[in-house]
Structures are given as structure tokens and as C-alpha cells.
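Each of the next two complexes has chain A plus one other chain: chain B in the first, chain C in the second.
For the complex of A and B:
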């Protein structure tokens, strides 16, 4: 009797679990599925987007063609993506250099008040771009830095400080005798840093690059406040915000064009996220191993 | 030795100078601006006006209203996100459940897809009356329609449901990996003692996860408190200012209404909160101990 009751309970428990998991899976996937299907439909706006568009009979590529070839609002989607790529790659490169130099200093060198310094710069990572947007805007307006240089400067610290701490831990794991030997062989300390440490800390370099890249690529708040007046300098996020009809609803393009933009921009970044997640887990588990 | 120390400073100069220039300097400058009347009307010739901006903030009840909103936003989001993530982690952790990796791969998607783009998509879903939410989903589920333009409750429902969608995968992942690190033997022994599911949960699972829950709660509290995009994109703080939080309001005062001085004053208040929260995190989680 007891075993049978146990079996029924088990079936009920599993049934309940599957139902909840299936409902949550629908919830998780719906908005993405919806925008994906919209991008392949020819529905010009939200009203005309019908339920039958969610299970399409025809696939239209018109939205994608339009997005790639047509001028929008005085700019164009490829131009905005190009701008974002320039900004994001520059941020990534500077973040890597800054993070590794700082991580190296924190790990290897004898710096007075190291702990205070570390706490102080760590607090900065609690400030999202949006929290410092107003102060940065006011200051940069004074120095004529409301441009790409200003944006790259503003994007760098957040990522590089966080990455500097990870870099510090992984540089701790590289035996310092490697550099000493290299320095005996005639490399300068900075040369040893570039040739030995950078190479051995390659996973951290890659992780920092990805974090810096996606952080800058997906920023909207700062880019919007710095670049709004000049449409040709817009980034892809401002472009998407405009295409979603939030900037100037009257002149926004058709809704399926926005959907196509969201898909084109979202998928590569999603891939990058998954890669960086794997690397992050790996970095942390390596570090856990080092500490023991 | 002294020369060595001087040399070490070179490695630390970049991060220190960038922190000073991009963090301390803007804050000091916007503290100054917050005592002036800088706005679109007085952009070049602005004057010192003393505490006027702060008097506006505190005297007319904006401060308390925004504090209340920020708390509703943070606590409301956190409680629902954490319970959802925890519940799903528990479901996925059942050893006799099949297709775990499939469910996991689907449920992780909202986290992997870039949040800013997801928010633009959700904005389109919630638009009343054309969006899919009010036209398809809510009627199908026999739920009342949501209109965030007129009802504060509806606006909060919209914000918190969307934020749950964005964040539950993170909590699910963290709790899932924490659950898997609990030794199986503990449960086997409990089974021998004839403990029921509830007893095992209260006596083994919860105590083992206490530290993870505390860590996740504190770090996510800070993150949600500072989370700008959901409110900025979905409701814009409306209706009225009933869903405005500190960080959103500071941004809007400056960039939507061009009240730069008032925006600077709000940024100051928001900054004080962030620093206090950051210090609590650093103290409580000892996050820096492993780094220094």
C-alpha cells in the first residue's frame, strides 16, 4: 500500500513539475519568438500584427532588405551598427590594457595602502552608466567631450575595474619566476608583462574584451545623452530605440523593421553572452582551485 | 627599494587617474551645479542659487514619493524574481526529472538575449490596446487588461512582470548550482531516518543555501535599486511620477526636461544611496577579501 501511495505521489510531483516548467518555458520564449516572427512578417504596425502572424504561412524578407538598404531618419541601420562597433571595440581594447596593468600592479607590485585603494576603486563598479550620466554629461559638455572619445572614456572604468580584480587573481596563479627568468634574459619589466603575463592570462584578456565590448555596445543612456542631436553619429541602441517608435512615433519605420533590427542585433550578442558565461564559470572555478 | 616603489606607481596611475577624472571630478562638479540654476533657459549665464534645488526636492514631497517608489520597485522585483528562480531551481534539481538540459536551455534565453532589446520588445507587447498582451495573452488567460498609462497598479504589474522575465534565469542558475553542491549523502541519511520532503527542505536545503541567498539578495538589491532601463523604457516613470525611481528621475530631469541643476541635485541624492549600499555589500559579503 505504502509503495503504491509513494508511486502516485511521485507521478503527481513529476506531472506538476513538467506543467510548471512548460508554462515557464512558454513565458521565457514568447517575446523572442514573437519578435522573430514579426521580423519575417509584413505587418507594418502593432495593430495590424495579427495572431496568424505568430504561426506564419509566408516568410517575408522585406523587413531585412529594407533595414539594410534604406536610409532612416537621416542615418541608416548599417551606419549605426558600424558606429557601435567602433565604440565597442575601442572600449574593449582600452579595458583590456587597463585591467591587466591594474591587475598586475595589485598582484605583483608593492603598493602602499593597497587595500584602501582597492576598496575605493571597487566602489566605482557599483555605479551603472546611468547613475553617473548627469555628472558626466555636465563635465564633458564643459570639456567638449560629448563625442566618441568621451563615450569611450566613460565606458572604460566600470569593466576594467571589475576585470582588474579577476586579472589580479589569475596573475597570482602565474609563477613570478617566469617573468624573473625573462627579465634575466634581457626583457624589461614592462616587456615581461606584455610577453609573459598577457599571454598566460589570455582567458582573462578575452573575458575582459567581451565584457567591455558588450557593455559599450549595449549602452543606451550615455550614448543617448551625448549623441542624440547628430543622427549620423547614433549608435545601434539609439537607432533601435528610434525604430521602436519611442523617440519620435510619427516618423518611426514600420514595426517589422524594428523587429528585424532587434533580431540582427540580438542574436550575435546572445552568442557572445553564452561564450562569456562559459568563460566566467571557468575563470571562477580555476580561481577556486588556485586558492586551495 | 624606493625607486622600485616609484616604479610601481606607474602601473597604478592609469586606473587612479581615470577614477578621479571620471568619478570624483564629475561628482564634485555636479555638486557645484546642483547649487546653481543651470537649465535650458540659463545655459551659459547661470547663477548660484543656494539650496533651492534641494528645497524643491525635500519640501514638495518628491523625495518621499521617490523613496517609496524605489522601495516598491526593488522589493517587489526581488521577492518575485528570487522566489521564481528558487522554485524553478528546485524543480530542475529533482533527480528523476527528464529533459533537464532542454528546459534549462530554454529558460536561460531571457538572460542571454540583450536586456535593452528585450525591453524594447516588451514595450511593444504592453502597449494598450494594440499590444499582444492586451489583445491576445491576457484575454486568453481570462485576466483583466493592463493599462499602465492610467493605473499605477497596472504600471507596477507591467514593470515587475517584465523585470521578472528578464531576471529569473539568473536566480535560477545561481540557486541551481548551489543546490547541486549540497552533498547527496545528507538526503540519503534523512531518507533513512524517514524524513519527509518538507522536513528535508527545512532542515537540509534551506540551511545549506543560507549564504548563497544572502549574497544574492544583497548584490541584487543594489542592482535592482540602480536598474534604470525597465522603468525608463516601459513606463517612463508614469502615470505622473508614480513609478519614478531616483535614478530614472535624475536622468529625466536632466535630459527630458533640461533641468540640469535639478537633475544634478537628484544625482547627488542617488549617489549617496549607491555609496551606502556599496559599503554595505563590501562589508557584509567580504567580497574584497579574496581580491586583496
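For the complex of A and C:
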């Protein structure tokens, strides 16, 4: 009797869990599906949406064709995506170096006011990043840095200050004897950092790279304020904003083009995530203190 | 001339705003090819000494000489020393082969040469069948050998070892100890080995250095230190169970211990004088319970350890330990008589805490 009751309870528990999971995943997946479907429609509006529209009757590539072929004020969408990729990759690389070096210093080196500095860094990560757009613009305008270099300089601290804190925690967990042996065996401190510490903290390196990459790749506000005058230097987010006609309130925005742009921009991100997925799971479980 | 020399080394640590002086003017001279074991309780700065020799830490005061040359400003990578740390620090992302080859790769040694040398040390340490494995697939004993192989491969003649056997289980440890001894005998590197394990220290060392209170308390042949500890601290630290120390007074031709008289051994007769306070040191194995013993006391506690038992006996105010072969069973409260092997006595001066014999020798040298 008791065993049977236990079995029924188990089935009920599983049933309950799965119902909740299915509802949650519907809410998570539906917007993505909607954007995906919209990108293959040739109707630019969002008004005529009924249940039957969710399964498309025809697939149109007009939005994609428009995005790839149209030349807007001397720039084009592929060019802007390329710009975005360069910008995002540079931000990712510099963020990783900055975050790991800072994290290493906070974790290992005997620097004055170390604890205060670490706490300060932790507090700084609480501030909303967009709040700094205006002061950053004013500051960088003064230094004639309203260009890619300026943007990278502006993006990097945003990512690396958060990542530095994670890197510190991660490096704290690596026994210092690893670098010490490497130093005795012929590497300098910096060499041991590059070849041993960075390698052992690889999950954090991957996490920082992804944070830096997505932060810069998806940013609109800062890129818009820095790069607007020069169309050839636009990033994909600015380009898409104009291409889809979201700027002009008189004309209705072409939502199918916006959706197609979002899908195209998502491809590199998806590739990046798939490549680093294993490292990411490691990174999160390391932070949770779970040993792999 | 000494091969590794530490001269008046001072080192201070600051932990949570509290400063602790770990090393207080430490001196140590190590000859080429010696196996020196630095023995001391935990937290007394044993690892600090190794790090200072390796150049990973900078001493606050004093000098380090390697191979007769001042090495204070030489970075770790140029000191030509190797180290086996306590946790072995085998890089988890490299295979065993790459781990051993790492010091050679860093030095840009040609590939064929690397292969030859790695195979050589791997065969010597019997890990040549493990070279393709990842460190996570190794046992503790295998990890320890990989760490030793990595230390040997670059041919450094000074090897620092930080309790390399402490992570092994008891049976493997005995084997590893024997192998390490063999290895040192064959290759003749200068090994500086730190540990808190007395058995390890006594069995491995060609010279034993006892660290306490920031300085080397005793340095020399391990059995000499064991037999003739140079001060009270060393006597109470070395040996398990340690030396019995009993307060007494010198009489006419005897030493008075709790109203019991024991004759003065010949070698002390000219050194000590009547009325002098003294501390008598005697090893538990040099005492025996028998009916015509000089000391009388009651059994307080019995520790049976298999081959022998440690009998705790109360004599007046003193509690002393006697090692007895586990034949007779002793009961708590039993009255016993204890005989002393007089020739094995050691005497300490209570005011200086030093061995009176060594004090006398020092006096002669000073004159």
C-alpha cells in the first residue's frame, strides 16, 4: 500500500513540475518564435495578429533581401554588422585582459587598501550602466574620442568591473602554488599569469568575453550618441533602427525588417554561445562552489 | 663552502592588521648534496623558508646565498632551483607528459631533447606508462611522482620539498620515503625538505634542522640531536613520546629528584656543582619498570600501542612516560619502581634552558 501511494505521489509531483515548466517555456519561447515568424512575413505591421497567423501560410524573404541589398545614406546592413562584430570582439578581448589582471591583483598581490578597493568595485557594479551615457559623451567629446576607440574605452569598464570581481573570487580559489611552481620553472610573474592562471580561470575568461561581447554588440544608447554623424561607422543596432524606420513617427515602423535584422544579428551571438556553452556551465557551477 | 646559505633572515607577516614575526634572524648553512630536513610545528614558517630560498618571497632582512653567490635580487626563474609543493600543483589541463616537460618547454629546449629527458626521469620514477594520462586520473602516489619528475627534469641541483608525503596514505608513504632516499643517494641533489612529521624527518635527513620561534634551534645529525637535545624545547618536541623532563637539585654526589637520589654520571661530575638547580632529561625508552628501580611512583594511565605501551607514571609532582614492551599489563593506581639508564641522562640548566654539556663546551670555546 505504502509503496503504491509513494508511486502515485511521485507521478503527481512530476506532472505538476512539467506543467509549470511547459508554461514557463511557452512564455520564454513565444517572443522569439514571434520575431522569427515576423521576419519571414512581408506585412510590415503588427496589428493583424490572430492565432491562425502564428503558423505562416507563405514565407517571404523580402525583409532579408531589403536588409542585405539596401544602401542607406552610403552605408549598408552587412557593413554595420561587420562594424559591430569588430567593436564587440575588441571590447571582449580588452575586457578579459583588464578584468583578469585586476582580479589577479586583488586576489594575489599585496596592494594597499585592497579590501576597500574590492568592496568599492563591488558597489560600482550596482550602478545602472546607461545612467553614465551623458557624462561619458561629454567626457569623450572633450578628448576627441567620439569614435571606436572611445566606444571600446567606454564599454570595457562596464563589463570588466563586474568581471574583475568574479575573476578575483575565481582566482582566490586557485592555489597559488600553481603559479609559484611555474615561476620557479622559468616563467615571469606575468608569464605565469598568462599561461597558468588565465588557463585555470578559463570559465571566467569565457564568461567575461561573452559579457563584453554582448554588451557592446547589443548596445544602442552609447553607440548612437558617439557615432551618429558618420554613417559608415554605424553599428548594426543604429543601422537597424534607421532601416526599419523606427525613427520617423510619421511613417509606420517596418516591423518585419526589424525582426529580420534581429535574427541576422542573433547568428554570431548564437555561435558564440554554442562554442562557449561548456565553459559557461563550468563558470556558473564554479561560482556556486560546485566542483566539476 | 656552503651551497645554500641563509644569513640572519627576518620575515614578518601581516594578517588582518596584526603583525607576526615569523622568522627572527634565522641562519642555516647547507652543504652540497645534503638532504636537510627542516622540522617544526605547523605555522612556524617552514614553507616561508622554502619560498625565500626560491625567491617567491622577499625576506625583510638578511641574505640568501645560492652556490656561494648572493641571490637576493635574482628572480625565481633564474635561481635554478626546483620545488615540489605540498599539493603537487600538477597542472590539471595538461597531460602528465606535458606537465613534466613544462620547465623544458619554457626554457625552449629542442623537442627531441625534451622527449629524451622526460622519458629518462619518467622511467626512473616508474611513471613512463602514465604519460598520456590527465592528472585527474592519477592516484596520490602517482601525482607525487609526477611532481618529483617535474622537479628533476630540468636538472636543478637544489630541490625544495614542502611536505611532499603528507597527502599519501600510511603504506604508500613508507614506500615513497624509501624511494626518495634512494633517489637522493643516486642523483646527489641538495634537498631541503620541510615537514612536521618527526618520523619522516628522522628517517630521511642526513642533517636535521629544528625550527621554532623563528630560528633554527638545533642543526646536525638527526640521531645526535635526538640523543643530546641542545635545549629544553628541542627535548620536549623531538621524539614521540618526547623526553621526560624532571626538576631536581644537585647534591653531593647525587641528583635529588623528589626525595629520590640518583647518582651523577661521570661526564657531568666536573660541570655541575652542589646546590645547583637542574632539569633532568631522560627518554621514555631509557626507563624501565623493575623491582630494584630508583624512582617510585603510581601508574596514572596506560596507552597500549601494539608493540609497546606508554605507561604514564606519577612521581611526586611529575608525570613521566615510560615505554615498556607490551608483555605485562599495568593497572591504574599500581605502585611501580622505575630504573634509569644513567648513561643516557641529559641535564639542562633551568635558567638558560640549555643543555649543560653544550654550555660547558661553549664556555671552553669562548675562553
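Odds and ends about this structure:
One rule holds in what follows: the second predicted complex is superposed on the first by the 208 of 292 C-alpha atoms of A that agree within 3 Å, B and C clash if a C-alpha of one lies under 4 Å from a C-alpha of the other, contacts with A are read in each partner's own complex, and residues count from 1 in each chain.
Following the convention adopted for this analysis, a contact is a pair of C-beta atoms (placed from the backbone, for glycine too) under 8 Å apart; a residue touches a chain by one contact, two chains touch by 3 or more.
Note that the structure is predicted; figures quoted are calculated from it, not measured.
Residue contacts after overlaying the shared chain place A:5 against neither chain B nor chain C.
When the two complexes are overlaid, the chain among chain B and chain C that reaches more residues of chain A is B. Legend: residue contacts after superposition of the two complexes on their common chain; A:25 is shown touching chain B, with no touch to chain C. Using the contact criterion defined above for the overlaid structures, shared-chain residue A:178 touches chain C, although it does not reach chain B. Once the two complexes are laid over each other on the shared chain, residue contacts for A:154 go to chain B alone; chain C is not touched.
Touch criterion met: A:186 reaches chain C, while chain B stays clear of it.
When the two complexes are overlaid on their common chain A, residue A:58 makes contact with neither chain B nor chain C. In the superposed model, A:106 makes contact with chain B only, not with chain C.
The intersection of chain A residues touching chain B with those touching chain C, taken from the two complexes, is empty.
Interface of chain A with chain B (complex): residues 10, 13-14, 17-18, 20-21, 24-25, 27-32, 34-35, 45-47, 49, 51, 98, 101-102, 104-106, 109-112, 114-115, 117-124, 126-128, 130-139, 142, 153-154, 156-157, 160-161, 164-165, 168-169, 189, 214, 218, 220-221, 224-225, 237, 240-241, 244, 246, 255, 258, 262, 265-266, 269-270, 273-274, 277, 291.
On the side of chain B, the complex with chain A involves touching residues 4-5, 7-9, 11-12, 14-16, 18-19, 21-23, 25-27, 29-30, 33, 38, 87-88, 91-92, 94, 96-97, 103, 106-107, 109-118, 120-125, 127, 130-132, 136-137, 165, 169, 222, 226-229, 232-233, 247, 250-251, 254-255, 260, 263-264, 266-267, 270-271, 274-275, 277-279, 281-282, 287-288, 290-292. Only residues 175, 177-178, 180-188, 191, 196, 199-200, 202 of chain A touch chain C when the two sit together in their complex.
If you check the complex, the residues on chain C that touch chain A are 51, 54-56, 75-77, 79, 81-83, 85-87, 89, 91-93, 102-103, 106-107, 150, 154.
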